[in-house]
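Note that subunit A is present in both complexes that follow, paired respectively with subunit B and with subunit C.
So, the complex of A and B:
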């Protein structure tokens, strides 16, 4: 009955009846029920309040005030940084030059390892890591830290063995952890190291392309905010907030693997033969400004760059170090003179072997007179006295204006970090005197980077048009790529001027051909440096400043800069050898390197030889008709 | 207020029991409470089942993430092996070890195709 105030309870089974036959009844007062309910609710409420109060309390834990609620939240909630993968660097053929992989570290928490266990663990670890057990035991028992890296970058199979053992619940490696960190790998080792640079343990590029393009190579880190389980894995049903990582952009360089390998091999051989201190070879695509090879020694292994002095891995000798170009600069002098009209290709000056200027006696390398010389002959004989007089004919203002137009004294803008500007004194510079112009004419008293000089020579090869040198051909995110467009900077000299200098440089190159050919042909006269082709080149021997206002007496820099073929040139090549021991002038060392590279490049580009351009004893390569 | 009970004859007792049974089954106000409790229990069961399923899926997802990380590492290792095998210097060294060498000048033959017949040469002779 809904309106009754008491309830009759009857059990499912028949209750024993009273003697009078009446069914026994259970009377539960509604008030009592209510009281019990309220009491239970009150107890539960109290427990709840107590729990909430407890979690909000701040307690002392190990001498530190800790808010329990915050502590619990920190225990469960996690904010994980998702590291982006650094972009891959490839050469123009698609070979990987730099890539990032996840590589394992072996770490331990010494506070979880007892002394008794440390000895066993040290033996086990020592066996798989190849480390002395005593050294490992000392590391395992030093409990001053809860995180100790036993070894970085272990072999993946070693890490897998440890992980499998741990997963199987074995005690062999109990207390050991395997952590994975991103590691930059350079599969080709030291090849191209100077231009690639390196990446430090924090993932930052420290030199070369790695440093220049660090922002786009490194990508953007992502963040995952989530509740985690005991294994630090995000709980699927918990709240998660994910900002995905953006991986770095891949770079495809202009470097050609064949040409780079060729340049490195020839340079290594020359330096080994001469016991030289080092050297540089640059091969530049004349028409685009793309750098096809940039080799330098001493080099380093970017995989272990920390083992080398900072001066070796931080500075690319091709772009960051300057030297006095010596006689190679005379080609620039000739171009400036013809462009400004201060002299023509027929103008002659008297080379007396020595000449006095401003209280100094200046002279040719051998102090020998060559008589009346045109600019072409000045290059042919590499006459300092003639160059000095031609520089003076140009005059200070025009000379330095064109030195600037050729890009000396300012960065080329190449995409490599730490590019040097070079040192060019001008009348506006402190301490300048007129003798500076005279010596600058033959390439002393002015400092340039190898890249500046080869670019200037490429400008002459490219009929006077200067191109911006560049090293990155394409930037790719997945399949989407952006190509670098070759950029002409300016017309430095007129095409006819450039072509006139090109012809002069062919004679200059052939003048030095006997360095390579005399032993083969048995003849010491001028011949073709590369049989079958007209190749342009100028040699140089530069003194090395001693830092005290003078020059070193026991070493020189031998160099050659030129291009091939001379007409419609494809490649500009610079070879520089630092302090060759057996060759007092350096030229005899640099010319064979230049010759070998130029010859291989002509073959590589399938440029057919001209049989008429071969001297006695030379073979130019046979030209066969397609339909005899 | 208690219900007065009185002694009844067996037939009357049966009739009274039958009448009381209906009252017992109707449960009066308690019926709603029990239904609510059952509904609550069912909802809890459902929620528990869903939570359990979600947790299982979450665990599977976490396991897959771990598996994915392992596979990515293996891919990285394989890519590295590939890159090392494709390094130009390595190829050149292997070629030299196999006795290969660049052609000498007298071995070179250049064929000039600039004025050759542009008609394609049939691949299969009739």
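So, the complex of A and C:
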């Protein structure tokens, strides 16, 4: 083609020709070229001025003076708080009771979402999150905030779907952010919930151990200052400074998983059978003060504590609720009397069934007279009339001195938040009258927490030495652990006084054994509550104050407080049942719970049974559970 | 008429380009680093492609420096037709082959892609230069000058605009306007055309919401900082951060995904951030020298066609650069355009170098050494084999060729 092909140059056909047929040649004006050059120079001058202007400290943009350099810095410099991981809570066997995981929140900045897009976005998000689109659209178009949480704790697959869509550059979720926050997980759910408490969405403990130890569980936040790119990733050439986060300290509780589940199971059964309102079981290690079980009902699921009323998750019934101890308090009365020497184990008072004091007629539960009673028999028959007289023998000053020494009316110092102090009247308090002393003798007109009472009982069991109750066995940072040392607070009563009361309480316990055993052995008389062991216990039936100075007529609190074995006691146990429906005294409900826990604890601790300690039809070491 | 043995090319112009490209490569490297690593796992990905385009561009430049302009002139109508076909093609092809960054102005085949609109600038310059120079003094005539000229411009601009490429449309319109002005158009006609173009321009903006948003964002950049004002604002961030002396090469923060298209359209902002006002004014001065040399070549061109070609090419490079820089500095509303010689982009770099090649070609035939033809119609007698039109081997070849070939020189000379 190269050599053969030629071309012909043709002028445009439409070219106008002058009359002579010639096309006037085009004259290029140098002036016009110069004008072009001047125009270029003028534009360049304007651009140059703009470039110099932009170097200024502040620049005017549509009338607003801004520091562009600072704005750029602010965007690039980031200060990121690195959340510490909240400490793990374990029981003494190492099972995890509470732990934190990273879980996603879905948040939006409504100011970046136009009205036109809000409807689409609401539909897309609603589909993924399972929320009504209308509700979402309202949240997306309310531009009063730049940060709105759409849904907390979505499941990871949902978050991943949104993140992948965003990463792929799709528009459907633009404006939506996925944030990871620490979520507190309680693998055992409602078990132990009352003592563990819960953590709110901001990561603060709101109740129980979580609240009490919030400072050390929480840890210290770290800070990462870095220059970031538009995807919020630190940039390679930038300055970075990291103050690492200090994770929270792990706690190992004194809670024994076997004893805790035993307590919860027995309590739950009893409450279910009686349709009771609730109840508490506490098992305390007598020699150390360690809390081995603390069960209460009604419980809640700390994973979703917001779905329960605040009164359920805020208060641990074992430490925060007070009740009148009733007859169980007579054991304390006996110890005070023997310690103060106002009466001895042989001192007798006359139980006439009813007695008049300060214009009131006070009496026994059945109004029956029991005749002359020693302190031991007073406990055995649970005689109000005798207790009243013994309290009067002790006298106001000594009685309240020792009530205080036993720790009533003041917090036990246990490491659980919101501990109640109880209500103890004294001659100094308003509304005092001498009848208060008389009725306090048998546990009326005084309010205690279950933990206060079981600790007082544990003090008697521990030969008069009061231990500080505690819930945290060890605090660990990684593998480094610090153990809590059991701490004796004081010798409340002399060892011989304590031992005398221990012996009295064994007979008291045996007096109630038929509640459990009569059906099995066919014998109605006193027998061993736990065959093979001496177990000490005192029952109580408490009236419930109605808040108008009197008592409710249709409900009681049945309780048992005791310890096992009676000598060299290992465990103090409190059982409290609120408003059993088919048990007017509550005792028939509380005794089997106490008995079941005591007998299984003896076995759990491998304490050898004494073959001599078995009544007719009983075999030392055998379990009631073996008799269906 | 062009001499076969050309004079020396304009070395000053060549030097300007020889400075701009070496400035561009490290800036492209720096600005593209983040994208290159995150998207392609190769920190030199964009740089190698740019170097390849530069080499291809330099070869093209060397060829165009020696090609016979009169032959190009003779083919200008065919080029124009070919270009119009190529401009229609992206509108007809499936979108997957044609759309980049929402502009439907590409043709992509396999791994290669190019923009017909870049070719359109060439074809238009040649065609308009030929057409205007042959119109002669009649250029200023309404019926024979303005009307057909407006028609040509409307067709080309319309097609480019259909490809949603407003920036290139504006550049083409400016090229045409400058050539028309230099060719001696009546000032009244130009004023009328400007009014007409402004009306068309405004209706284009009013019809497309995203263009209207850009205008609003330009007017109040802070209020639109999360939308249409995001890129302009971040370009200003980069320029302001750079100050007088810049933060140093490679030290830009805006390139870390903050400033969109940092290595392409917005590279001037990265130059400002890393090299400061010293760097940006330097670039501006280089384009200023380019304009001076380009127009000097136009003044000294051997014929009116060459003059107009030189004016068109110079206007193209210089005004595209100025519009790009004005956008980056927020002097005018946002529109997507590359900065010639500096921005990443193979097609852009190559055609810019081709333009330089043609300018240098014209510079080799300055009026001082070439005889100006009395009338362009003389060109009709040109009949030369294709191979001989390429001036590359011209010099040695004539000596060895037999007389028949020599005789062909006569009409040419």
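In this text, the second predicted complex is superposed on the first by the 487 of 628 C-alpha atoms of A that agree within 3 Å, B and C clash if a C-alpha of one lies under 4 Å from a C-alpha of the other, contacts with A are read in each partner's own complex, and residues count from 1 in each chain.
Here, a contact is a pair of C-beta atoms (placed from the backbone, for glycine too) under 8 Å apart; a residue touches a chain by one contact, two chains touch by 3 or more.
The structure presented is a predicted model; accordingly, all values stated were derived computationally and were not measured.
Enquirer: So, does A:149 touch the first partner subunit B, the second partner subunit C, both, or neither?
Expert: neither
Enquirer: Just checking: does A:481 make contact with subunit B only, subunit C only, both, or neither of them? Give me first, second, both or neither.
Expert: In the superposed model, A:481 contacts neither subunit B nor subunit C.
Enquirer: In the superposed arrangement, does A:64 touch subunit B (first), subunit C (second), both or neither?
Expert: A:64 sits against subunit C, while subunit B stays out of touch.
Enquirer: Scan A:191 for contacts with subunit B and subunit C and give back first, second, both or neither.
Expert: The first partner, subunit B, only.
Enquirer: For A:310, decide between first (touching subunit B), second (touching subunit C), both and neither.
Expert: neither
Enquirer: Which holds for A:102: it touches subunit B only (first), subunit C only (second), both, or neither?
Expert: First partner only.
Enquirer: Just to be sure I read the superposition right, which of the two partners does A:235 touch: subunit B = first, subunit C = second, or both, or neither?
Expert: Both partners, subunit B and subunit C.
Enquirer: Jot down the residues of subunit A that show up as touching in both complexes, subunit B in one and subunit C in the other.
Expert: On subunit A, the overlap between the subunit B and subunit C contacts is residues 1-2, 5-8, 10, 22-23, 25, 27, 229, 235, 237-238.
Enquirer: Touching residues of subunit A toward subunit B in the complex: what are they?
Expert: Residues of subunit A touching subunit B: 1-2, 4-8, 10, 20-23, 25, 27, 95-96, 99-102, 156, 180, 185, 187-189, 191, 229, 233-238, 257-258, 260-261, 264, 531, 600, 603, 606, 608-609, 619-627.
Enquirer: Which subunit A residues qualify as touching subunit C in the complex?
Expert: On the subunit A side, the touching residues are 1-3, 5-12, 14-16, 22-30, 32-33, 35-37, 40-41, 43-44, 46-48, 50-52, 54-55, 59, 61-62, 64, 66, 68-69, 71-73, 75-76, 111-112, 227-231, 235, 237-238.
Enquirer: Can you list the residues on subunit C that touch subunit A in the complex?
Expert: My answer: residues 34, 70-71, 73-75, 131-139, 141, 144, 148, 178, 181-184, 219-223, 226, 234, 236-244, 250-251, 253-254, 256-258, 272, 276-277, 280-281, 284, 287-288, 291-292, 295, 298-299, 304, 307-308, 311, 315, 318-319, 322, 325-326, 329-331, 374-377, 379-387.
Enquirer: Where on subunit B is subunit A touching in the complex?
Expert: Touching subunit A: residues 1-3, 5-8, 13, 20, 23-24, 28-29, 51, 54-55, 57-62, 65-66, 69, 72-73, 76-77, 79-80, 82-84, 86-89, 92, 102-103, 105-106, 108-113, 115-117 of subunit B.
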